[in-house]
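Each of the next two complexes has subunit A plus one more chain, namely subunit B in the first and subunit C in the second.
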Partner chain A sequence: MKTHAATALMFLLALAFGTSAVQADEAALKLMQESHKAYYYASEGGSARVTMEIVDKKGRARERVFWMIRTDVEDMGDQRYYTHFIKPADVRRTALVVHKKAEGNDDRWLYVPALDLVRRIAANDSRSSFVGSDFTYEDVSGRLPSMDDHKIIGPDSAMGKAATKVRSTPKDDGTAEYEYRYTWVDDETKLPIKEEYVDKKGETIRRFEIEQIVVIEGFPTATVRTMHVIDDGQTTIRFDEVTYEAPLDAGRYNERLLKNPPPEFTK
Partner chain B sequence: MRKGLTHIIALAALFVAAGASAQPIVTGFVEANQVVRVQENDALGDGAIGDRTYPRSELRAQMKLQEYSDRGQLFIRADFVSDAVASDRSHVDLREAYVKTTLFDWLDVKIGRQVATWGTGDLIFANDLFAKDWRAFFSGLDDTYLKPPQDLLRLTAYVNGLTLEVALSPYFTPDNLPDGTRLSVFNPFMNATVGAQQAPPIFRPVKTLRNGEGFGRVSGYSGSYEWALYGYKGFWPTPQAFTPDGVLYYPRLWSAGGSLRGPIGSYLLHAEAAAYISQDDTDGDNPFIANSQIRGFIGLDRSLANEWTVGVQYYGEYMLDHDLYLMGIPPGGPTFDELRSTVTARIHKFMRNQTVEMQLFGYWGLSDEDWHVRPEASYKVTQAIKWTVGASLIDGEDNHTMFGQFRDNSNVFTRVRYSF
Partner chain C sequence: MTQGKHAMVNFAVNHPKVIVAVSIIITLGLMIPIPFAQIDTDPENMLEQNERVRVIHDQIKEEFSLYDHLVVGFVDEEKPLTQEFIDKLGLLVEEIEEMEGVVAEDVMAPSTVDDIYRTPDDILVVDRLTADRQGYETDVPVAEKIADNPILQGKLGSADGHVIAVYVPLEKKTYAHDVAESVRDEISTLGITANVHIAGLPVAEETFGKEMFKQMGISAPLAGLLIFLLMLVFFKRFSVVTAPMIIAVMTVVWTMGLLVLFGFTVHIMSSMIPIFLMPIAVLDSIHVLSEFHDRYQKSKSQRVAILSTIDELFKPMLFTTVTTIVGFSSLMLAAIPPVRVFGAFVAIGVLIAWLLSVTFNPAYAVLLPKRVLTNFGRQDEGRSLLGRLLPRAGRFAARARVPVLIFTLVLFAIAAFGITKIQVNDNPTKWFKESHPIRIADNVLGSHLAGTYMAYLEFDATDTETKSVKNPETLRLMDGLQDHLAMLPQVGSTTGITDIVKKVRFELKDGDSAAAIIPDSPEEIAQELFLYETSGGDPDDLFKFITPDGGKAVLWLQMNDGDNRAVDEVVQTANTYLEQNNDISNLGFEWGGLTYINVVWQEKMVVGMLEALLGSFIIVTIMMTLLLRSFSLGIMSMVPLTLTIAVVYGAVGLIGKPYDMPIAVLSALTLGLSIDFAIHFLKRGQEIYKKRKSLPETMNELFDEPARAITRNIVVIALGFVPLLFSVLVPYITVGSFFLAIMALSGFATLIILPALVNLRGERAFRMWGVKYAHPHKTTSQTESEKEMVS
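Presenting the complex of A and B:
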């Protein structure tokens, strides 16, 4: 009788704790989804003139300037990206179209103007560098929150703002080069104002920071962001001329766009 | 004279364009390029045209001028070249000069001198019958020089998710083949590798509308896959025929084919096939003219961790009426197999934020027993300065095959380019 009562008690306890753990996980996932939406899916698309400064370990800086256009096919789902390079001079007119898939590998095409060639790029490695910067393709177009287990660590602050600290662990460790990462979700805008990527040894290998947030057309926008690779270089991205109005039709992200940039995205 | 006129027109166009616009975008580069043979080529030099040690020793400046407006774009690209080993030491190479505009929502027009490429191959071609510059390709110029300019009227229509393209040229532009100046060539009549003075004469079709070229393509998407159908009417891009008195010429050709490209698991697949119908010898019974062929290839690419990319391709060329072809070959003469197979491989790696790039591309002719390997490494010294070293290594069992004919032309090169 006694043992039965103990078992029942333990069962009830397990149920209660289990449920609250599940609820906590759900709250964490929900927060990360909100953050993902604020950062990657603001409005239904938009465009910006992006200036990228890549600084190597020895402090030597290189600059890239490109226009980036986005259209969402589905909110929190597939997206289309178009990048048209302005600087450096040797890559001017080069363009990139990415069909980002919520599930499966993206489709990527590169336009090589000197050959008038549209080349398809193997896109199975989303962790490869985006145009030589310290950002990966995944950093630029997003990693689905459902690919990780999330846990709220608690209220904290980062970049001078009140934030909620979340720990995210990849469900499949083959999909990430880190063991887990911390995200500080800004309580006000839900933007991921800071991230730290931690390896197996518990050491931080990359740190991401949003240095400036501007509300544009009603959408809080991270206009200056930096990725620091610890003990190596860093890349800072600045967004200018941001607009969320009248994004291109999703059907236009094709060979015609690669070869014929809209004139407003060529200066 | 004609060449001089072209240059004057080009330069005039440059100035007009520069003046017509408030803010034309001008970019370009200056490049020093030194190419040295791995071994001296005795077929060249010593009174012959060409240099037995250096296939190329040049300074090249490229000017690009572009202007975008709501009505379309204007683009001009010209190379100003000074080459110590070329017969015309300095010259202007007008590589592109075109106007592009959208006539209707569904129709784009691009007219003028331009570079055109289509198809899915990596340095191999089946349906892309636009001209190639093999002379540049084997003599140390950047890979992009494989495509020489052509004068084309190009119409592109977008209808119901399909893209329909037609490109028309008022005259035929053949491939730019080694001619015994920078690189020695095989003379089939002498059965020897020779310099320009002994290179066989080649007749080009006279420039009349009847000898124009037409290229067509219909393409579309199906999910992540891209497909295309192609057609061509014109001439064999290389002189695949000769007259009884020993003059090579370009016989008529029409071609039709298709291509497919898309992902298979973690790989990217591309495949292409084309029928080359030798219009002047459809039965294959004329020993002086190339027989019809089926050409095709299939390839896989994959990106690996740490910025490695690898790719392999199989290319096959199947000759129709091979038995008739064999009957036409003089006893003991060189012959080609009915199916000629070539395999290619590419390994590519970026390092240090893509400032260092290393690649290796190789062709292995399984049937012809010849090969060509292109290792290359480049380093971006600063944002503007890129230093490239590489080699074009080539050899073969026989002197009449695709790569074997150029076997005395292996070289190494170094290029320094300042872009602005």
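Presenting the complex of A and C:
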């Protein structure tokens, strides 16, 4: 509540005293960076068993279960991700290593167990689906706040919690598949508890919601998240067995990891 | 006052104004519902809504999110299409996605489809086809990218880069025409200079519907006008000739009004009802006019002339009406709903036309001012061209009866040979003339691309042991079938989940073309598809070929020939292949796609029409025997009809014109119309014979007024429908030619072959059961039937 009030006060001050818009934008950027850190950079890494349910427009559901582990190379900078698939059965042991870069394109390698082959892949981060779900790669690994112009709309509430509504517009519209988005930053945890992606015509095309927040090892963690694609399908991901004790050294995210995963992540 | 034999006719003559007033009121009343008519131009509706093939077709479309689509093709004959064009095309596609009725997310264009490739650093990428390829100095031209991709080649463009196509999926087929128009507008707004062709069955079907109503507005009234002018030539009095036209118009209005009132849609079939009813309605009236025309000068009384005319014609008119009704009612047995509606309402219309002929006609005749009729019919009296020629024809037929019969038999033999050559075939695109833009689009895109006709073959593994198609056995069966079908010239391309698996495998194995095969393990298949999704491929693209749970897959068959025969050959070839090569128990196969639906309804149509024709042929033979009360005459009366049908369909076979939907339906018209002249000729022959009791005298009288009426009918109907021959729609041309052929053939058969047969049979020819014929030269007392005539 305290932060909420502070934000509101700052916002009012900005209006009342005609403080330059630049300062207001800086406040917005700062808030988004805080949120980005809370959501993508909690601790220095961690792992979770993720269950993903992809439901298409016709209500047909597919389930994916995978382990996801992360190690931050640098706070708010480069990261390493490892994803190891458990289900569906026929893709078991398929695995993905991502070197997320703060600047430039991410590097990705996919391991195809049936061929015992590692292949580097590239996809358009902002547009490409993350393993066939309604989330994009960018939704999963994060979009740098510095890529957008942010503006605080004001105090609001979302998912039953007090939040600050921020409007973010991509600086280069070639980097996004939407015109702008709204983020409701939870005043308490700073997690982006709700997001709405709006297209050129002003219509909402996607809506993201955090349905459950659990504090794990001192870190507020979004354990249930859903991405709705308006007039289409939706994907819900649930995080279990979450821990923030970074299990792997950043240097281990390589081809060897793909071919010989630590046994605790293959169950 | 003189009274006729029939109460209905007497009433009309006694209360002419009542008849006219009631007719006008009914006409105005039944005009009201017509503007509310529901138009239906969908050939799919040739089948019942719950017909299996339609249910399966809809199910396949639903499961794989497939839609009927337009194909918009851009062609530059001189040089490959430029990058500038591709950029403009991207803008066009954005506009198309905004159009009403377009399924935006499924528009297939260079700017919307995905491409799989490897960068120079061997990174596997799935990205938009129009996006620059990562890691390359200069981008690869779009045409080359298309040619490299087995999933896209032939569909999205030609390998030489001269042709690029956009596939526009439609929420419903009914949007086809409007979307096509909007696309054309947008193309000119954007200044795209390439030649544009828009093809695809939905646009052909929709445009046909629109054209059809245009044609109805032009051809039908034009035919009416011509019929009117021809009658004016024969009967010379404007106000007299107006009567048949009024009857024709009223018949059409009443029938169509009732059709709409009963809640039926105006389908391609029922839109032809007015064209069918017009000649039938006019036919009876011409007999009445013709007779009235020849009798008026004898009595100088409208009342006497019209009553004796109707008395003379009542039976033949009733008989022809009943036989025509039987002919068209037989269509109600067909398995095709629009054909049933068509048959029923033409039959109703025929009844209405008859009713008006025996009531409105006399009422109108009585109401005509006397001065109009001064000199009416006088100039004729045997001195006209017809008056001089026809008796000669009669004498010729009597003299040359044996050669005439031999000629007839030869004609039958040729016709029978022709019938064996008939090719059952149809293609809604070919309902347009060769020069129509839709046909041109079809030809151009069919020759440059894989084709614009799509069929779908679903592989259903839900009941198999693995419950999935994602295994080597099923995919190899599909892959083998694809190779097998590729040998047919009409198959432009086939696409299935197999192609995606093979393409991913090919790229995974560093572009080794030997690797582009279906792998040995189900896991590898699953992982390759997974790789496609993981490296940026849109999962929805996969689900156009396979269901998310992998239980079913669908093979797309793109054909450059939409003729039912061509499609049927593909279906048969595929079914045979699957029968011989499928070892997986309980693997199911189902066909879908508009082209396939067309094949199914046409089969039903051909069989149904043949059955209807045979059925009504037998019924009409029995009816004629009973009506004419003579077995030999009953059989004879069928000769003109049989000859007409045989020669018309023999000619269809000989000239190689495909036996299509319009031709099948016209068999009912042939049956209904070509018996008419025979009835008039033979029935009136019997009536005359009762009085004259001499065959030569009867024949002489028959070749007077009755023959003239028949000849006038032949000329009026045959020439009246000549405007249809200039239509842009082939079915209308067919109908026009059929009218000409039916009139000419059945007229010839009635005026030449029938007299020959009658003469061959001799004096007994016109005798009826149950009537005593005293020897013509020995008695002067009247027979009972003659007393009846005079009363």
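Rule of thumb we're sticking to: the second predicted complex is superposed on the first by the 243 of 267 C-alpha atoms of A that agree within 3 Å, B and C clash if a C-alpha of one lies under 4 Å from a C-alpha of the other, contacts with A are read in each partner's own complex, and residues count from 1 in each chain.
What we mean here is this: contacts are C-beta pairs under 8 Å (C-beta built on N, C-alpha and C of every residue); 3 or more make two chains touch, one makes a residue touch a chain.
If you're wondering where the values come from, they're calculated on a predicted model, not measured in any experiment.
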item	value
Side-by-side fit of subunit B and subunit C on subunit A, or clash	clash
Partner chain(s) touched by A:212 [first = subunit B, second = subunit C, both, neither]	neither
First (subunit B), second (subunit C), both or neither touched by A:120	both
Contacts of A:94 with subunit B and subunit C, given as first, second, both or neither	second
Which of subunit B and subunit C A:56 touches, first, second, both or neither	both
Touching partner for A:260 - first (subunit B), second (subunit C), both, neither	first
Contacts of A:110 with subunit B and subunit C, given as first, second, both or neither	second
Greater subunit A contact set [subunit C / subunit B]	B
Which superposed partner A:243 touches (first subunit B, second subunit C, both, neither)	neither
Region of subunit B that runs into subunit C when the structures are aligned on their shared chain, from 200-208, 308-316, 326-334 or 398-406	308-316
Touching both subunit C and subunit B, counted on subunit A across the two superposed complexes	54, 56, 62, 88, 90, 112, 114-115, 117, 120-124, 127-129, 131-132
Of all residues in subunit A, those that touch subunit C in their complex	54, 56-58, 60, 62, 88, 90-91, 94, 96, 110, 112-115, 117, 119-124, 127-129, 131-132, 232
Residue ranges of subunit C touching subunit A (in the complex, touch as defined)	62, 65, 105, 119, 121-128, 131, 134, 470, 508, 519, 521-528, 530-531, 533-540, 543, 547-549
Complex interface listing, subunit A residues touching subunit B	54, 56, 62-63, 88-90, 92-93, 99, 105, 107, 112, 114-117, 120-125, 127-129, 131-134, 233, 251, 254-256, 260-261, 263, 266-267
Footprint of subunit A on subunit B - complex, ascending	23, 25, 27-29, 64, 66, 68-70, 73, 100, 102, 108, 114-117, 120, 144, 146-147, 156, 158, 161, 163, 219, 221, 224, 226, 261, 263, 266-268, 270, 301-305, 307, 309, 350, 352-355, 380, 383-384, 386, 417, 419-420
